[in-house]
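In the part that follows, the structures are each spelled out as structure tokens.
Here subunit A shows up in two complexes: once beside subunit B, once beside subunit C.
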Partner chain A sequence: MNSAKLDHAPPPAVAAPETRAAPRGRARRLWARGTAPYAFLSPTMILIFVLMIIPIAMVVSYSFKDNVIVQQNSVFVGFANYTKVLTDPDFLAALKNTFVFITVSTVAHLILGLGFALMLNTPLLGNVTKAIFRIIYILPWLFTVAVIAVIWRLMLDPSGVVNYLLTTLGGSSVDWLSDPGKALWALTFINIWAGFPFFMISILAGLQGIPGDLYEAASVDGASPIRQFWNVTIPQLRPVLISMAVLDLIWTSQQFALIWMTTGGGPLNVTEMLSTYTYKQAFSSYEFATASAAAVIVLLLTMVLAVFYVRLQKER
Partner chain B sequence: MTRRRHLLGVIAVAALVGTTGVACGGSDDGASADGSVTLEFAQWWAPELPAGSFDKLMTEFTAQNPNIKVKLLSGPYASTKQQLVSGAASKTLPDVVGLDGAWVNDFAKQGAIADLSALMKDANYDESQLASQIQIQGKTYMIPIVNFVYPMFVNNDLLAKAGVTKPPSTRTEFLDAAKKITATGGNVKGWALPLDTAVPNGIQNDVMSWLWASGGTMLTKDGKPDLTNAQVKSTIEYVKSLNDASVIAPGSLTMKEQDKVEKFTTGQVGMVIDSLAHINLIKKNNPSLNFTVLPIPAEDGYTGKRGIPYASWGIGVADSSKHKAEAFKLVEFLMSKEKNAELSTLANGFPGNKTAVPDFSNSDPLFKTAFDIYQAGYPANEFVGLPKAEDLMRSFDEQLQLTLTGKQSVDDTLSKAQEDWASVL
Partner chain C sequence: MPTSKKVLTRKRRRLGAKIAVFTGLCLGAAFAGLPVVWMLSTSFKPNGEVFAVPPKLISHFSFDAYTAILSDGAQLRFFLNSYIVALSVTALTLFVAILAAYGFSRYEFPLKKSINAVIISVQAVPPITLVIPYFGLVVTLGLYNTYPGLILTHMVFTLPYAIIMMTAYFNTLPKELDESVKVDGASSWTALWRVLVPVSVPGMVAVGVYTFMISWNEYLFALTLTRTDDMRTVPIGIQLLMGQHSYEWNQMMAMSILGSIPVLILFLLFQRRFIGGLTSGAVKA
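And now, the complex of A and B:
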């Protein structure tokens, strides 16, 4: 910026005696310099405009209209779609299910991720052993959602491996994904299984960044390993843990494919989430206006988390 | 200075966005300088046919019509549906589209697909050769090219092991056979009922098929829902009786169609209602499975013709197409006696052209058996042409699940489903 200011301010005493072409040349240079930053920014700005601003603006505008997309002349209906969505028992059930799903998933991801990260960070295991375990533990995160859904559908099938083990051990067979009392918990378990390795790796990186002298000082002060965990490890990991938790809440709330490919929102809507509700409204009921209203509500809820996350990052 | 920079910035961005808009919005009407026309044809059929066979048919079409080229847009069923829903919304549907009967009403109401009756009239096309046409308010919007019927698949070995000597032909005989198969033990069940709500076509194929097989109907003559009639009630009570007798494979509330096929293939289920298109898949996955196909059992004492559920590969023309006449030539080509028979043979389906005869010489003998069942009965699928057909199936599915889990009576299920449907139909 400083160099630009210098270039823009040639001594007037020198410029005055030049020919009339000089001001034009200077104006061109000024124009070029003025537009250059925007030219550099333009690819990103265009992408953001085309891929984010336009679609979001369209969805928001759809949410205030009636019979959008499926009819030629849709009319402005104000907040009618929002009222319809917010008073729909299915939406409220989806909201409750989503809350349970994302909260339990995130808490379990944190606890499991921390546990496994501590195990992989322990000096009690050799490096080779830790490397092998690291590869094994990260496998669930490497599978695509489709593979995860197929694997767990097969394993949790009434005639699947899990029930085989249960019945072999003297238990009774369970309809994990089709019993209305168990489906949400089974689905949450699958999501926890699929997502904990990412937490594990992130927390492990955080653990490895904690200076060793903090533990040494704590030891000198006579702190037990448990005390060290609560008074050194957790405070040092706090920024990582909170950031990961907020991101996980956002990501899990957007989970669609896993739910669609395992239970489809059933049985009896017990695994219906905001994502599946919105999809059904749009692509099954062709109610794009109410689907847009539901999507905007989800966007607003997610934005609360996003704002929280951004503020957290700024504080750091 | 700052103001000028802002102004320049706004102009630059506006110019760039404008350029992008032009680039994105540039239209291609499919006509080239040499006068030839390129038709876009979106369907899910090519991936389901032997590799390259559909492209070969298109090459033959171009050979017959040198001025018309065809660009195939092929994808799986679900993504084709989403592509068409988006295309219908933005009026950018490909010229020719593969259609499922469940989508037609919605696309027609949006004005996204063209009135084929008018195109047939313009082309002096002989409609009498068509086995069926899907019409909305008297106008044809879809022509079924190939039909896939859903008979009852029966595992002969399991039936024999259970001591069932006569294949079930009535509901009572079916329940009896299912009980006997289930009694053989080892996690084997008599029947499978996929009620997953993500793709709720189990209501069409596995539930309402019992109704149609006994000549019943779920609609009034003027197309309104009639779910509380005696035949529908009898059908749902029968399905409930199968559930109460524990002859249905567990997990049915979230079971998908592929799970049903898998369970039949592995011998975990003795009888299923399934598409003929799965015969090859079943034989490939379990060559030793000894099975046959039967008409779906009817109510005891029913002697009339049996409806047999079917699904179609339908074809339509986009209303926004600038080459409707050329698009209809492609429809005519695929519906011609020779090509329709060829396509049906490739797809293991039954032809949409009444005069076409599929070649069973190289097919599994079960196709011939199924063709005889098809010809003895009539194709029945009352969901075809209904608005929001998938949504209707889903709302019925949710009510049925309440009955099967003991939370609701059959009467309540039917009256609530009737109420749901009445708001749509």
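And now, the complex of A and C:
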């Protein structure tokens, strides 16, 4: 599972002889031992303070004010920005779209990732064949979102190759990314394509970690491969599957670049997500206060998922 | 003892299963790989033939799109910017993460659990929430439209993962290794850099590759924290190409491929280490 660990054979351990330090030296050393970890962690703590604690405090304070960033003399306005956001039909549409986008993506990632991982784990094919397939399967994950966006804009163009196949098969040409009825599904499909490899890799690692004797015992008991799948594979993979799914919900909800570069939230807001809504409020309308309220709401929703994730990790 | 007929049916069933799995794998490979093949083939076409009917994999093979990108100073600038940012982020992240990982791996201290929890939770904070205060912060600090502004903000994504992966790596190395040097009078600092770091190269490679990838691919901060074209990175450059040249598809694809090459090479070189480090991180994180 962790080849980085396995690759490296640690050199033989050298036994540490007992130290015979003078009392004063020991006191100093104890003090040094007490502060040393904080010294080692200080760059990290400073960075986290500057890049995380301060910004979150800033965005929360912006969200309760008026006229932030672009203008001076901001005034405390209480929950006015939140009321504005939560009653904005565009925000509610974004919330709904995000929900559809992340749940469909995650379920599809799970199914595809599991299916491909199972096929790649088959004992029926040679290792070289499987290694080649594995590289092909990882491909989508190696391209940055900007590249994925242009690939699919090319493929899904009204006169692109997907529509060519569709029309040759007797269908009619579809403007996938501009048709209000199709855009959200096209976008979700692109995201499924872009994200399944990470699931696949993790599930494959999980599969390889299942002890072989579990399957042997099952087949001695006469369990068919399908029964073995449901009674051995799935229960063994459960922790990996659940944590991957929660992580994916979090990551997908944060997706911005893909939406921004394919549909930009359009047509008619059908692909507007929480991320694009917030971005537009801030950097298109310069309504930084409203944007901050939306950003805080996004943060809170993510925290709910994150807390759920941490609970799951503790249960294991 | 099974009869020969039984052996034959079993063999046949095995062959059937083999064909079924192979077909399934091929269908999956088409799903994953064909868009990539299409991107590659488009980058070698003259722009007029990109949407030719019927579509052809290879029409008039030409390097024109690549020459156009590589002879354009503005495009090359995107690459230079991406290299400067991603390499700086990688070096700084490794340095800070090694220090932090040493602290986590070799010491017990009262705030250990809380600091660790904060580092893990940083990973979940949405970039869109951060980009608004970052914009205010970066403008205030005079870092708007500069390399340091991008480098610093990219580290918020790379650091937590790097610390978690590096700590896991140091934990696999026996404590006696660095303790023995310390007994001889060396400081923890020396023990870390002279003893632990040299034997941790595989772990550092995995962390470094991953860090480089995240920074090279980052889009939202690069979009909002830079303004002028000479400060843009490759992902933004690809987007700019979309508007500028009224859809020079072949050039967009060539740029996409050129922009993906560093990551592809790193991945192919360090595939095993990388996947190993990543999955262990993902499952533990």
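Throughout what follows, the second predicted complex is superposed on the first by the 279 of 316 C-alpha atoms of A that agree within 3 Å, B and C clash if a C-alpha of one lies under 4 Å from a C-alpha of the other, contacts with A are read in each partner's own complex, and residues count from 1 in each chain.
Quick note on the criterion: contacts are C-beta pairs under 8 Å (C-beta built on N, C-alpha and C of every residue); 3 or more make two chains touch, one makes a residue touch a chain.
Bear in mind that the values here come from a model prediction, so they are computed numbers and not experimental data.
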Exercise for the section: Assess the superposed three-chain arrangement around subunit A: do subunit B and subunit C clash, or do they fit? Expected result: clash
Exercise for the section: Could you look at A:G264 and tell me whether it touches subunit B, subunit C, both or neither (first, second, both, neither)? Expected result: first
Exercise for the section: Tell me which partner A:T87 touches in the superposition: subunit B (first), subunit C (second), both or neither. Expected result: neither
Exercise for the section: Check the residue A:I69 against both partner chains and state whether it touches subunit B (first), subunit C (second), both, or neither. Expected result: both
Handout entry: Contacts of A:S285 with subunit B and subunit C, given as first, second, both or neither
Key = first
Problem - First (subunit B), second (subunit C), both or neither touched by A:M119 - result: second
Problem - Broader residue contact with subunit A after superposition on the shared chain, subunit B or subunit C - result: C
Practice task
Considering only touches as defined above, state whether A:N127 meets subunit B (first), subunit C (second), both or neither.
Solution key: neither
Practice task
Answer with first, second, both or neither: which of subunit B and subunit C does A:S173 touch in the superposed model?
Solution key: first
Practice task
Answer with first, second, both or neither: which of subunit B and subunit C does A:S159 touch in the superposed model?
Solution key: both
Handout entry: First, second, both or neither for A:A183, with subunit B first and subunit C second
Key = first
Exercise for the section: Could you name the one stretch of subunit B listed in 55-63, 73-81 or 397-405 that collides with subunit C in the superposition? Expected result: 73-81
Practice task
Across the two complexes, find the residues of subunit A that touch subunit B and also touch subunit C.
Solution key: 34, 37-39, 45, 50, 69, 153, 157, 159, 260-261, 283, 288
Fill in the blank from the handout: Within the complex, subunit B is touched by subunit A residues 31, 34-35, 37-39, 42, 45-46, 49-50, 69-72, 153, 157-159, 173, 175, 177-180, 183, 260-269, 276, 280, 283-286, 288
Exercise for the section: Would you mind writing out the residues of subunit B in touch with subunit A in their complex? Expected result: 4-5, 8-9, 12-13, 16-17, 20, 24, 81-82, 85, 89, 106, 109-111, 187, 195-199, 249-255, 259, 263, 268, 388, 390-391, 394, 398, 401-402, 405, 407
Fill in the blank from the handout: Listed in rising order, subunit A residues that touch subunit C in their complex are 1-8, 10-11, 13-17, 19, 33-34, 36-41, 43-45, 47-48, 50-52, 54-56, 58-59, 62, 68-69, 112, 115-116, 119-120, 122, 124-125, 133, 135-140, 142-147, 149-155, 157, 159-161, 164, 168, 193, 196-198, 201-202, 205-206, 240, 243-244, 247, 250, 253-254, 256-257, 260-261, 274-275, 278-279, 282-283, 288, 291-292, 295-296, 298-299, 302-303, 305-306, 309-310
Exercise for the section: Flag every residue of subunit C that touches subunit A in the complex, lowest number first. Expected result: 14, 17-18, 21-22, 24-25, 28-29, 31-33, 35-36, 38-39, 42, 50-51, 53-55, 95-97, 99-100, 102-104, 106-107, 109, 111-112, 115, 118-122, 124-137, 139, 152-153, 155-156, 159, 163, 168-169, 172-174, 176-177, 179-180, 183, 188, 199, 202-203, 206, 216-217, 219-220, 223-224, 234-236, 238-239, 242, 249, 252-253, 256, 259-260, 263-264, 267-268, 271-273, 275-280, 282-283
